[in-house]
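What follows is subunit A paired twice: with subunit B in the first complex and subunit C in the second.
Let's look at the complex of A and B:
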């Protein structure tokens, strides 16, 4: 099948995003993936599902993006020895997704040489698969020894430094294994999965209404983006259209989330290059924003404010005015701080050329979201496939090509300013309308996709419905899946002490990929 | 350099001039400072362990370091090793994959040690509960002195919880 035939052969899913879904066979599956890869498209997510109860074996699903929009392919797999053609040769980021799908569902990528486990450590044995329907989510297994084969770097003077899972700072747990010569890093290998807490299995015990709260806790720092993506998926399967007011308020919340996360990172990036002044300044600004969130919307991080059908908060004229005042102050302060960062020789010396990912490498590895845009990967859903209210705002995407820490700092500065511009435009013409419309029933066996540009990158929620509005299967997908493997490349040739800085400049989610 | 100094002077000292609604907090901070001086001889070293959280609770621990809460100014600092710590701040739920690491961190912390469990998940497993992958609340894995509810608990609630722990009370106030 030709790639451009796909949207004519298969239906577009209801909702604001250009997403087509079709069931294909293994040959078509592989060929469509090849065409997308060749045409410069990318892989957003890969997940599986257990369809035995429907007498349909298992299924493997992938979401691909081209200039047209998203193509979602479903490949049915037999109940006995379910396997599918690997796509990690086309999209290197698929490697970990394939391994996770083997751990969680026992679906194997044929032709792949990397058969190591990924999310599984010691909580369950290798012949059981938590996302199979016959797996009891409360089962507790005797803990296994966690043997994992790291790639060994050999040669004269090569040393290994293992770090984590418990880190020195207040960050999430993960294991990093550095192979070094002197201070230079030859290779970094990540081992994640420590925060795996059964999130996907838990969704399957919930109905569409209950799932919203959990979606907002897949990765707490992106709660608005996840909650919106979840709501979008539910609205797609139930045929619900939120009011223009609800959509406008969602965008205000999403941009506020982007702003406070970027401010926090800009502060920490200063801190990591011994510019404690930057931390102090940016975190005052961040705290101001969080307090205003709490005052206006009732939660510092805006959890549970985006819900299927609309929003669970409102904004009056006075509230709008408060936000505008905050933005005015922020704009002024950021102007000053940007000049200071730009002219600070010590900071720039650490930022420039550090942790560089060239645009070519970024394209090859599928670097996405904010670090992607710092390496010339011009993808931003708000600009390319804008849903309301972004469709009227002409979002200006930020891209840079240097791909170093400095570029990731600059992208953050520019995105904060753009978010401020967007919020002002939205508040200027905040439409009237219901905050939350009733969400109807969902048909059984339907697929809904929610796709939102969070501050870190694109968040996908893939929702398969069951009977009576139950969740049959839900895969939340964080852009960190794509970006963690690229971090391993970004550090090569840099010195070990620069790792915290490079890592922070990516600021990836552990919980979002460990699930 | 001149720009930096000018900005610092213009910003002023946030810690001493909290906005109106936070007077309660200021009292809390001063109160806390006295307590800390009395109980730990002027300094408290805390080691954070994320044992499987959604990272929401971490955001508020980070916020404790900002100029408004200025936790370092109170003599409390976060340390890189459990061996230097008086207190563990643990966010949960404890994933089964972090169970061993958390136990080891606890064992590596010298006596006397305090453990403060953070967030609804740390208190009772929260939305994640107990499952094949989650041990649930922190006290299912290591002994806990104080548990601070909230999703996530505010920085003020965190400060109160820390205060409660060092003054020997057994339950944090629910704010």
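Let's look at the complex of A and C:
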């Protein structure tokens, strides 16, 4: 595909991000997906919607991204036996999204030979689809047997270790089925969905104003990114432009979120190789950052600070000074800790070559976000499609070629330093202006997309509006959808005790994708 | 009569101070990591908490699973009781020499591994398998260390070894330096310490010792934990007996007892802090590096023995 072809055909959505949207038929749908896949583009999200109330059957939506921007396609489907051509052969990460869409809406990917359920465990039967509009949220179904088929590995000396969903530590639930020989992992298969709580259905009961709060709680550790993506989607459909000051403050919050999450992960990575010293030091730094968040903005994790129309907090000169002081201290400490991590033979022995995802494999499987950049996948919205204030900051993207745990550690270190540089630049020239502008009414049946580079990777909020500012359908998309399947590949050939370390180096969200 | 009293005193002492040693090590680790720590008494609180809980057993648990904690506790208590901790005048001591001591540790290992596999969970088996990997490499190394010390005193009895090293004419034995390094390595491996195992991990896939006891709860878990603390104390005091026996009271010398007690606590404080420092400085190694680590320990112990014979004493 010539990358400048599609935008001319389809209308561009209002807003700062380069997003085009078009309605296509099944043949065009498949051929556009093929072109994007062939041209080195990738799949961001796949979701469905129930349009029966408009006599339009169902619809399937995909977001594809190329070097030019995002192409969002809508494929109308009939009310009877809705199905669409599969794209999991083009984008392997689509497999679970297709299965989830089948569970939640009864839209099936024709030609796909993996018809297993994904989100649905035992709570509702096969022929019930919770995201259809006629679904009764209060309905209780008899618990059925859960006959989920894992892929069997057979051979001399091969055996399985089932791990989870309840783990020995306090972490989110997920089931991991290892097929191993001795200590070596032959295959890992994940089963997620244990934290499914009906988030998407909950959005449909809300209007645009109420949705902001829930959007910030899709995955708590990325609350700023989700809230910003939601705000962007709402601003796109309502034609609102926040003030430059609000945009600058949003970026400060987003980078602070990136910093405290990376600090926490760097600590955990030390802890997983039993380097408890590193764990304690990084968590002291993280805790200091969280306390400062609380002091300056009123919330440790910065929840509900980004709202449609602007921000719900302000930063005075004294506050800026406090942040700069913290960054100065942080820079000093991180310099010391990075030396310790880099020069600790025991830690490096565990980090290097562990859980390697080669750049080729990463490209093939669509690895995205931070782990993607550690495997040579140079995608970072802040650098490629910068909205204000990033467009003035010349964001430096960090990539690494090794794709192992050590590379993901290095990328985290460098991204923290880059975020610190960005915050300093923004605070240096914090524009004046309104914090929050009034958000107008949204037209019915409009599509708004919010697309933000969270600390984990790119977060997409797809918002379909209904009557009177109601939310008709909302799909929050976490980069974990793309990256969980790659984790299954990263562990192959490694030994069982290295899995927690590899898993932590990805640090993916369960709740963000179980929804 | 005095001997029996002393034996009873030591038996009580080791049971009581075993959690204190672990508490001290954990407290030192906390300080080294800039944390305030839970205090040296935390292991006692944990034990009390566990004894107050209701035990939960798997439906398919066999009697073996239930009585293993008591066997573990008994063998570790016996081991700690046999080592001349404060005095050499122990009636039980002549009954068991260092080779039998290794046997007692092996017995405990066999039972905990069997119990781990008893329920049939994959983690228990995983842990038992790894424990066996560590154990079969650690035992020969430990034996070689004992032989080095035994070669000096011409006896495999710990009491005689201590008497020779502490109360005869002071001689520097270079062979013991090699044995001491090897012993520290074995101690780390056998007590599930970093860099071989991580006693504070919650990651079930990386565990060795913890994986074997995942199914235990309440009083059973308390006995297992207490047994581990006794094991750490036993190993530490064996280390004192072999490599720094100064202060241990000679047979019949009652007046030396208070000094011996003070010496013991001082040595434990130093050893605990040293262990915490070692653990803070190192990361956990990949499981397949453990054989290399234990191989090094074995090699050092053999070197010690060779040095002894080459030295010609």
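Everything that follows uses one rule, which is that the second predicted complex is superposed on the first by the 511 of 515 C-alpha atoms of A that agree within 3 Å, B and C clash if a C-alpha of one lies under 4 Å from a C-alpha of the other, contacts with A are read in each partner's own complex, and residues count from 1 in each chain.
Criterion: contacts are C-beta pairs under 8 Å (C-beta built on N, C-alpha and C of every residue); 3 or more make two chains touch, one makes a residue touch a chain.
What you are looking at is a predicted structure, and each value in this text was computed from that prediction instead of being measured.
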Contacts of A:281 with subunit B and subunit C, given as first, second, both or neither: both
Touched partner set for A:162, first subunit B, second subunit C, both or neither: second
Partner chain(s) touched by A:83 [first = subunit B, second = subunit C, both, neither]: neither
Contacts of A:375 with subunit B and subunit C, given as first, second, both or neither: neither
Subunit B versus subunit C as contact partner of A:505, first or second or both or neither: neither
Partner chain(s) touched by A:398 [first = subunit B, second = subunit C, both, neither]: neither
Of subunit B and subunit C, the chain that contacts the larger number of subunit A residues: B
Subunit B versus subunit C as contact partner of A:95, first or second or both or neither: neither
Intersection of subunit A interface sets (partners subunit B, subunit C): 168-170, 277, 279-281, 284, 344
Of subunit B, residues touching subunit A in the complex: 3-4, 7-8, 11, 14, 19, 48-63, 65-68, 78, 80-82, 93, 95-102, 105, 127-134, 151-152, 154
Contact set on subunit A toward subunit B in their complex: 121-124, 130, 135-141, 143, 165-166, 168-173, 193-199, 201-202, 213-214, 217-221, 223, 264, 277, 279-281, 283-284, 286-287, 290-291, 300-301, 303, 336-337, 339-340, 343-344, 509-511, 514
Subunit A residues within the subunit C interface of the complex: 159-163, 167-170, 183, 272-277, 279-281, 284, 344, 346-347, 349-350, 495-500
Sites on subunit C touched by subunit A in the complex: 29, 32-35, 122-123, 126, 194-195, 198, 200-207, 210, 214, 279-280, 282-289
